[in-house]
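Okay, so chain A shows up in both of these, paired with chain B first and chain C after.
On to the complex of A and B.
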């Protein structure tokens, strides 16, 4: 009789199961990228697609065929940037989700919980309707969103620290309050602005999209996300401790306050980048960490790397789906992710017993 | 006497040189010397960009009535490789030409446009957003020129760059330059300008009629004010905007009743309301029974395509307003 594999603590051929999982996921990620790039509204043969990639990366192949022209542009400047952006944003959001859930010690936390998404929306709305940030040129919406997101996360920390040290409850409350303020102001601007094109732009932007992917942006975002992910991989002990709460940590000799602030800033940076390049894509940062926890347990040593890779793979395929699910039309990725992701999550929730931070439910 | 002869001689010679000179110009213009042509267009940041055409574009992606219909009217159907974005049906007079072109059933993806390898894209400002074709430099780098209809927010928001009929004329003339068919473009514009001149002559010494151009948004009315094309056309035809004279903020039912314009225009468009429905919203609502426009039967509909990036339909827009305002001119 075959024994069921224990993903949480099992050993496969002398290697811990989670290491095997990370390796498998890395291979899956590369395969996903290579498969996704062959899918698109224009019919290109698989060998042509790889021809272009080989030529662009290693200079192998005929420059006249693969170096320039419509085929080369489609693969290298339209499809691949989107996929790489999906990789970066998916990884960033998933890791930020794990960290936020640990920081506020609350399973319903997601990357946007501490007002970051509302701050970003306010920045974007101000850029679209009031022309704020016009000096940034065509990137003004994204840059204003980034500034909005970052400012709000700073404000949340400051507010939570007034009249006492910030703990997870104070952070959550400050986040929720500032988030309402920001949404109210963005709604006010939209209502007063009443500009048809503007409303369309805001809606498009708020529903999230990877269509704006450009190599220049990816060159900044992808390395940044990878570095932050590696950083959090190294912080698993503190993250684990956060789930135990301040009292236990103090007893164990660690003051979580300082760590919380640093982690918040680092995540705000990643979330800001994600918002800047892809708008607001909900759900990934909430659900992927939970799904990973169901299979691999709550130890952040395993969770952070696995969640990062799952986030990337998930978003790559979500983007493929939103480009192809309705012919001739692109479904905003934020909508699609929730439409497909939520029922899957509910299914998993019903099927498996699940715990967060020690207690089982 | 001698002096006079000398003067005459000099005069004749100058004239002769002039004639020869202009004849030479005409001769070279008839050849390929029309090109290169340089046109100013805009990018997605609404900054001016100069584009140069070495020859007439042959593979064109055309978006929206303004570009598609202007090109068809100038006999350029064979240059269009993909078209999309008509608001309603193409104009009846252009049905035959329209049948020749590849008209899509939805926005093409950026991939599909790249694959069609256009050498010119004539579209709107919104077409060059990240969700559609992406900014113009991507296309310029690939040897594909672009043109943005001026009234589609190419230069900036309406509050800073009011939409005007002149920009519609400029669009048509620019397309004429790009495709080396300036005569046809000029003809289209002349027809519109002649109509405007005729109306302006007619209203010269009359007290201006007051008008309002509105779109029923349910809870309030969108106002086509002075900085919109829908306000600019009646203003150019000698009418005075009773609502939206300074800006285009939405107004409520009370504002409309208080303003009480002589003539009221209600905007309709495909997929929203028909012209009859738009008019009925006002004429059949007892709240507006006191309006003089309602009492005098002066509530008319105007189709959005005639007052928003209207292209050659600017003519229809002019006629809609002129006939409604001054029926005596068209009896």
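On to the complex of A and C.
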């Protein structure tokens, strides 16, 4: 019988399997970026695409061919920013998913579970229908969504802390309650507004899209997401303990309360950025952590880096599919991710008898 | 190590659960706490291991009040094995035991070879070394409880608090677990349901009823027919067997009726 590689505890040539996996995924991520940039609705040759990138990055090559013009713009201002944004958003959502699942101690949690998506929708709706945030200029929807997401996340924490310390159950309850309040207000605004164009804009925005990628946003978001990911990589021990609960953690020398609050704020920031730049892309933050857990186990030392890289790679390819699956038209990424991702996830769930622990299916 | 409590009081939800509990444990003593359901055993132990903050009284560890220690420091001094250990996520046995090393780690510090050595040593002590790579939630109750004990051992503490750790375990595992603990030769405070087992392992026993200590001393002094009647409202005979062990035999109602007739 063939010996199966044990990814959870295995060792490959003297290095733990998960480190090998991280290295492999890093290489895959770079390859994905380099391949994805050559794919698009406009047919460009591979050498031209890399010519533009080389020129822009290092000033190598002919400025007249690669420095300006339609080809240069497509590669440098449309394709590459989208891919970098996919990298950042995918990583951010996947890591935020892992952290949320640990904070609320519940495997069905996703980055939006504590009302963040409803808060973002409320912000976006207010911006679209009421013109709130017009002072922010062209990206007022995104900025209002960011503010909505961040405020709700703070409110959920505050509510959960009233009359006792916030634990995972109180957070979940506060999140659910505030989330319904926000949805109700969004719906109210839409209903009163009765503006067809507005409704379409909101719907489209809620489906998520990476089309609005701009370098000046990416310059903030990508470093931020990478720093947050590295931060959570260093917090694996506390993330592990969160899953054991408050009481056990105290006996292991850690009072989770403070950490939970910091983690929530940091995640809210990342999710807010993701919402700001790409709308609401569901599913990534829920599914990627689960798939990684199936193969590598629950230990966050392995989970966080692997999930982060998988999230990036997944979203890059999902976006490529969005751009190319229907000629001359784009499928909103949120729809595509769920249409393809959900069946894949169900397949994995059935095949690997993965039971989140406890009872095995 | 020296654990001393003086006049611990606890009010939870308006009712007084603990009414001034004072006891002490030093050196290699194995202290047992017995009492009926709801007598406050668990609440009292939680006050010692800091999950609850007593409303009155003080817990002293090595002569210093508990609040003066950081949570991390107490976790270096006392480890806890409690009854409920169900986790919603799949951890490997090694992951679980490795968490026992966290009191000795700085926030950003990685695990080193020494930690992994201690994990193996702890697993070996509870006879579960072969289970290192297994998924914790797939183990039986007895195996899980031994893993939790291994985690406590990995904390390398001078004392251990057991909160009815042998609940749900069959008799083989109950004895096995307590034998391992007894062999450690550290300060142990444990809550017990089973009086025979308490008598077999404890150096000193305190009997708790309605949040008060009603008796304290060696098993022989404490566990008597009169006390069992007082605590549990049950008739029992206490005698010594040929090994000099206390042996408690309960008299269920139907047996007594038979005697009378």
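Following the convention adopted for this analysis, the second predicted complex is superposed on the first by the 352 of 361 C-alpha atoms of A that agree within 3 Å, B and C clash if a C-alpha of one lies under 4 Å from a C-alpha of the other, contacts with A are read in each partner's own complex, and residues count from 1 in each chain.
To be clear about the criterion, a contact is a pair of C-beta atoms (placed from the backbone, for glycine too) under 8 Å apart; a residue touches a chain by one contact, two chains touch by 3 or more.
The shown structure was predicted, so the numbers you read here are calculated from the model rather than taken from an experiment.
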Which of chain B and chain C A:201 touches, first, second, both or neither: first
Which of chain B and chain C A:252 touches, first, second, both or neither: second
Contacts of A:243 with chain B and chain C, given as first, second, both or neither: second
Partner chain(s) touched by A:330 [first = chain B, second = chain C, both, neither]: first
Which of chain B and chain C A:299 touches, first, second, both or neither: second
Partner chain(s) touched by A:290 [first = chain B, second = chain C, both, neither]: neither
Touched partner set for A:170, first chain B, second chain C, both or neither: neither
Touch list for chain C against partner chain A, complex: 46, 49-51, 71-76, 79-80, 82, 85-92, 94-95, 99-100, 102-103, 105, 107-108, 111, 132-133, 135-138, 155
Sites on chain B touched by chain A in the complex: 43-45, 47, 105-112, 114-115, 117, 126, 129-131, 134-135, 138, 142, 153, 157, 222, 249-250
Chain C contact footprint on chain A (complex, rising order): 6, 8-9, 105-107, 234-235, 237-238, 240-241, 243-244, 246-248, 250-255, 293, 297-299, 301, 355-358, 360
Contact footprint of chain B on chain A as seen in their complex: 40-42, 70-71, 73-74, 77-79, 131, 137-138, 140, 194-195, 197, 200-201, 204, 209, 211-212, 323, 328-330
